[in-house]
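A, B, C, D, E, F and G are the chain letters, set down in written order, and residue numbers restart from 1 in every chain.
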Amino acid sequence: MSTGLIFACVGVVLFAMGMAGVLLLEHLLRRILAFNLMGSGAFLVMVGFAQRMDVPDPVPQAMVLTGIVVAVAATALALALARRLHALTGKYTLPPAADD
Amino acid sequence: MEQTRGAGQDGGWFPYWTRRFVVFAVLWWVLAEGRFDAWWLGLVGVALATWGSMRLLPAGRHGVSLAPTLRFLAFFVWNSLRGGVQVAAMALRPRPDLAPALIEIDLSHLPPGTARVLMLNTLGLMPGTLGVRLEESRLRLHVLDARLPVVAEARELEAHIARLFGGRP
Amino acid sequence: MIELAGNLLLLIGAFFYFAGTVGLVRFPDVYTRLHALAKADNLGLGCVLAGLALQADSLAAALKLLLIWPLALAASAAVSYAIANRAQALGVRPWQGEERS
Amino acid sequence: MTEWLPWLILLPLLWATAAFLLGPGRGARLAIGTTAVQLALAFALAFELGSGSGAPVHRVGGWGAPLGIDLVADGLSALILILTQLVALPLFVYARIYFAAAAPAWFWPLAGFLVAGMNALVLSADLFNLYVTLEIVGLAAVGLVAMGGTAGQLAAALRYLLATLVGSGMYLLGVALVYGSYGTVSIATLTPLVSAGAPLAVWFAGGLLLIGLMVKTALFPFHGWLPPAHGGAPAPVSALVSALVVKASFYLILRLWLGPFAAMAEVAAALPAVLGAAAILWGSWRAVRAQRLKALVAWSTVAQVGYLFLIFPLLGADQLALHAGGMQVLAHGLAKAAMFASVGVLIQATGRDAVAGVAGVAACLPLTLFAFGLAGVTLMGLPPSGGFLAKWLLIEAALLRGRWDMVIVVFAGGLLAATYVFRVLQQAFLATPGGEALRVDRRRLATLEWTAFALAVASILVGLRGMEILRLLGVGA
Amino acid sequence: MSVNEVLPLAVIASSLVPGLLIFALPEHRVGLRTTLNLFGAVVKLLLVAVLLLGIAGGEEYAFRYAVLPGIDLAFHADAFALLFVTLSAVLWLLTTVYAIGYLEGSPFRSRFFGFFSLCVTATMGIAMAANLFTFFVFYELLTLATFPLVVHRGTPQALRGGRIYLAYTLVGGTLLLTGIVWLNALVGPADFAHGGVLAGVDGLPAWQLQAIFALLIAGLGVKAAIVPLHGWLPQAMVAPAPVSALLHAVAVVKAGAFGVLRVVYGTYGVEFAAALQLLAPLAVAAAITIVWGSLRALFQDDLKRRLAYSTVSQVSYIVLGAALAGPMGTVGGLVHLVHQGLMKITLFFCAGNYAETLGIHKVSEMDGAGRRMPLTTIAFTIGALGMMGAPLTAGAISKAWLGDGATAAGMDWVMAVLWISSLLNAAYFLPILWRAWFRPMPATWPEEGIPASGCRETAWLLLLPPLATAVITLGTGVLSEWPGSPLDWARLIAQREYP
Amino acid sequence: MSLAVALFLLLNLVAALVAAARGPTPADRMLTALLFGSTGVGVLVLLAHAMALPSLVDVALTLALLAAIAGIAFARRAWHSAGQADD
Amino acid sequence: MSIGLAFDLLLAGALLWSAWRTLATPDIFRAVILFIVFGLLLSLAWARLAAPDIALAEAAIGAGLTGALLLDAIGVLRDRKRP
């Protein structure tokens, strides 16, 4: 079992955990944390799975670097929104949707 | 070396900023692991760092001389080794035998500012002491074992630092 | 010879790290644990760095490794002071031994 | 010609940045002017493609795959490019007036990034660049939805954000598995590689890509985020995101389905169609029941997205279903923009967002009502609109394959659409509750009315230019 | 583009363009609006005249525009199309005049006349459609354009009527579209042709063709108000009188009936349809509708509702004519398309006059109306007698040809249906006439009001159109053998259909 | 050799993390900051040597700096009560 | 079992454990700290995957910046709670 494969597997589990967290948790900050876990999982798979024969590959690494920047941007946006919502409602949870 | 200290402004043929420049250049060389493939970037960085340091810390007021520095370093390395061994011994003893206490010492012999902060931080790495609070010249310390001669050691450190900053012990 | 010395230093470093961890687990309160971490771990790091510097390919690489130490020390000192300071500001009383508490 | 392909991405980025530097609420004129140029570029691209010079490739900075960024255009992408600029241009004119009173902080920069992201998305040629552009579009859209700043809008934006992030996360994992399996993310390189006998990881990747994009397209069980987000945002924003953003991920599904994953697609074609059918029925039903105008239109988007997914089991050599999909994307984009725009006018005029509130509007805002009605005609799939052609092609494809179930769903959806569209129209013909005429500032609303009307007319005219559109769709496909 | 291509488009544009211009007009520009309306109507009539002369001289007027591969928006002004075009153009002019008078001073006239013109545009498109696709496009356009007219008054009843109208017509449109697309998928795109297009295609499964026929007829039957798809028609009576005239005579039900004829003659071909055993059920449906409509009419007190059920009944004569599968029946059906339009529009004009001038809405309020409004009542009488099939009227011609057709087809039971229907017609029209002419006037009318610009009876603009249509009704009856009469034209078409 | 030491350090790190993260006071969790400053850097330089990836030393340098900043930010901004458990 | 493998497995376990605790722990403050710990462990994992650039980015952006943003957001929460 190579390093790449181990971390690819970890990535898959992380992704699943993170996704479950985003979907199931209530607290917004926690959901944002979960999203980050999910993203990290996908990044690990991207690099780990590509170098499962333990030959470093620069292409997925470059992709992950880009991906991290995107993820941080998304996190920053989510946090900004969550804080505004918190300032207005005093809560870090989403109110029930009123969609009609 | 003693003569050059503070002479930077006079514009002698070995101006003060050259020393900083050399220090930064060596630092860059180390960081670049001895490679020169990005030397122009390093040159720019070193120049900027020198300029910045001259602006932020004008020469003369914080001049540090070499010999006391080396002596201080030796003292420090030896004592941090002692500190590490001591703490390791305490931790690994079958029955941890601690006698913690808070004590206060007076730092009025040291010039305010950098020197006191250095004292505070260094104490954190010395055997048995940990700075908790620095107020004016009063430094509150947490000691692991009040039975050890911590105050004496602190005074010794104070003396080293005072020499480092060119003051009397 | 140098390699042997380097490896020895690595082992010593590992030992100090271990001691620090034991201290973290066994020491009674936040101040004492800070002692353990700040001193033992940093010593461990120093030994490890020295050990690796001995085995480094070039002088520059060795110096770079050694450069980490002061940085880590400064960081460690500053952080442990910050934590201790905050702890006492929040009124955390130092442990005074079982019989006295 | 390919030299100016990057300008379709750079221009919106430039004016977005300029608008950002100019400060909140400014930069409208620049945006409108530049979008007009972009529209011209998009049309020029379409003509170039139509003249048979094949799919152009532009390597940004002269780098090739895998590290460089290739820009590729074919008929489908040209079509989406035209749609994007064609929707954006009138909506920007609309937004300039709509936001005149209370300029929201960053509409123009965000809109610029949205358009840039859309354009980059349709021109991207590899899975990872597509991921990045998809995220840019998604984040810009979330920012736009949140722009109003009320608690409801923020909650809707967060819901939207989390959904879109889950979707793109799944997409990203799929890309990771694809790259790990084949060592490339270029769509063109992948297409011959992936076969029905591919390893399990690739199948898994295909599923992840598909589901992730379905989430972003708000297909039926994943649609929960859409109505509050699209129904809660300011009207120009709703129009922009409803017309364009969900299309971006659908476009991507189509690309993958027709390209690399064609071999696998046959196995799973039933699933999107079933979900699409459910979306049509459920979305339409909720639109029929909706009490707020914008909620009604937003639920209608859920339903209309369903039509797009009906095409998957019908794709085949005769191209009917593909043509239906392309036509529906175009027609719905324009019609939905028109509908949100006209609903925006109705809300501004009546002062509230309620279906019950539009009574008496027929008397004072006939043009807006007309625009709403024309857009509704497209959504219902009545002739001579683009929606009608889409529906015609779809039904024909379904009948050729004996899929009566689909025919029934399509027609049920059309009738439900008629129900919710005419609910609003009927209400508008009623007298106001008090009996007195509604007082509106028609001069202020005139620009809004006319832009909404222009969009609605465009959605009808699409139906008369079917030949050109289908010919364009065929280029490089 | 040659002149022969432009002319059909010009016929459509002659109402489309004024319609769109009228939409943009401010409410108070009465004069300009009237001018545009009448100008459009007159231009259309002139164009139609040109077309009629051309077709009589053997010219071909056709235009086509590809919308999708293989699917064209195609117009072909053949003799059959011109029959419907002429009827609609003439009646449109009269209805426009009537509507101008009827709506004088009421709000939202720009909207009204805009949609009014769109309706006629759609009707022209339906008439000249050269294939089912084009037919459907305009068929749905007609639905959309009539809806605002039905709900024009904006009252809850009007909205309810509009809702029911939409529900029926949109479902009908859906069925029709299904049939059209299915057919298209089966045999590809095909224009209407004499003798049908399907007969020439081999190997088509009969059951599919039968199913498609059922779908098409069901879809068209909604607008043609074939029982049980007729429910919307009486509900739509809430609309203003000119709209009723439009629905019943000029556009909507006619479009349905015309569509049935197009499907039977142009798509399937009479013989092929008969071979598929499609026409007998159609005849039965038509017969049921004829009797049922008349029966229901008998029990309506509301005048316009009685007329509406009468329409349900009468329109199916046209369908019946097609179902008889012979030249005689064809002529009867075709000519009734024109005759029913003329008679029914007369009746609705008159009903509108009664309602506007005297506030009469019910049959039971008609006592003495003939003495108060003699001219209107004379027109009404002519229309009603025509409906009954009284000698010398247009209705008599239709019924005679239909009867002959039934005999020729060997469907004697149809004769019985025609007789029953005529009796029922008499039963629900004669009491009205009796009340109007022979009962004394009441002391006060429900709601009397004479428009400013009128004679003692009512406004000129309201009076002239029914008089004109009444005269034409008489004329077509009396002079039916003249060249150029509807009967003559119908025979010409039938000749081409049965070579 | 260095990899073995790295493994040992990681074990230490994990053990200490578990202890620190378990509490009971927030202060104990604060210690993770310190822990990463020293142990994380140690692991990284050892990995750099073991995997012959000198650029990992740069990561170690950065981590040493960051650990300081993060630790101080922890202490200053996020630690508000001395209670036994968090509120 | 080689040392490298043991290292990887231990790191993997630590990663999963910290991720799980991040999501499962009842206190949000604790969760954020665990998340930062996770980020730092992850940067070790990147180091093991021979991706120093990502390790650096993860340590700086992933753990550092995100952690700071999150702590700031929690600070708001705590500030409001205190009078």
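By our rule, a contact is a pair of C-beta atoms (placed from the backbone, for glycine too) under 8 Å apart; a residue touches a chain by one contact, two chains touch by 3 or more.
Since the structure is predicted, the reported quantities are computational estimates derived from the model, not experimental observations.
For chain C, the chain with the farthest CA centroid is E. Relative to chain F, the chain whose mean Cα position lies farthest away is E. Note on chain placement: the centre of chain C and the centre of chain D lie 58 Å apart, centres being C-alpha means.
With centres defined as mean CA coordinates, chain E is found 104 Å away from chain B.
Chain D and chain G have centres, each the mean of its CA atoms, that are 38 Å apart. With centres set at the average Cα position, the gap from chain A to chain C is 33 Å.
Counting partner chains per residue, chain D has no residue touching two or more of them. Those residues of chain E in touch with two or more other chains do not exist in this structure. For chain C, residues touching at least two other chains, in rising order: 20, 34, 38, 42, 44, 61, 64, 67, 74, 76, 78, 80, 85, 87.
Looking at the complex, you find that chain E touches chain D at residues 23, 65-69, 71, 73, 107-108, 111, 136-138, 140-141, 143-144, 147-148, 151-152, 154, 156, 158-159, 162-163, 166, 170-171, 173-174, 177-178, 181-182, 184-185. For chain B in complex with chain C, the residues that touch the partner chain are 27, 29-35, 80-81, 83-88, 90-92, 96, 98-102, 120-122, 124-125, 127-128, 130-133, 140, 142, 144. The touching residues of chain A, counted against chain D in their complex, run 8, 11-12, 15, 18-19, 22-23, 28, 31, 35, 38-39, 41-43, 45-46, 49-50, 52, 57, 59-60, 62-63, 66-67, 70, 73-74, 77-78, 81-82, 84-85, 88-89, 94-95, 97-100. On the chain D side of its complex with chain A, the touching residues are 66-67, 128, 131-132, 135, 139, 142-143, 146, 149-152, 154-159, 161-162, 165-166, 169-170, 172-173, 175-177, 179-180, 183, 185, 201, 224, 227-228, 231, 286, 289-292, 295-296, 298-299.
Against chain E, in their complex, chain D makes its touches with residues 323, 362-363, 366, 370, 373, 377, 380, 382-384, 388-389, 392-393, 395-396, 399-400, 407, 411, 414-415, 418, 422, 425-426, 429-431, 463-464, 466-467, 470.
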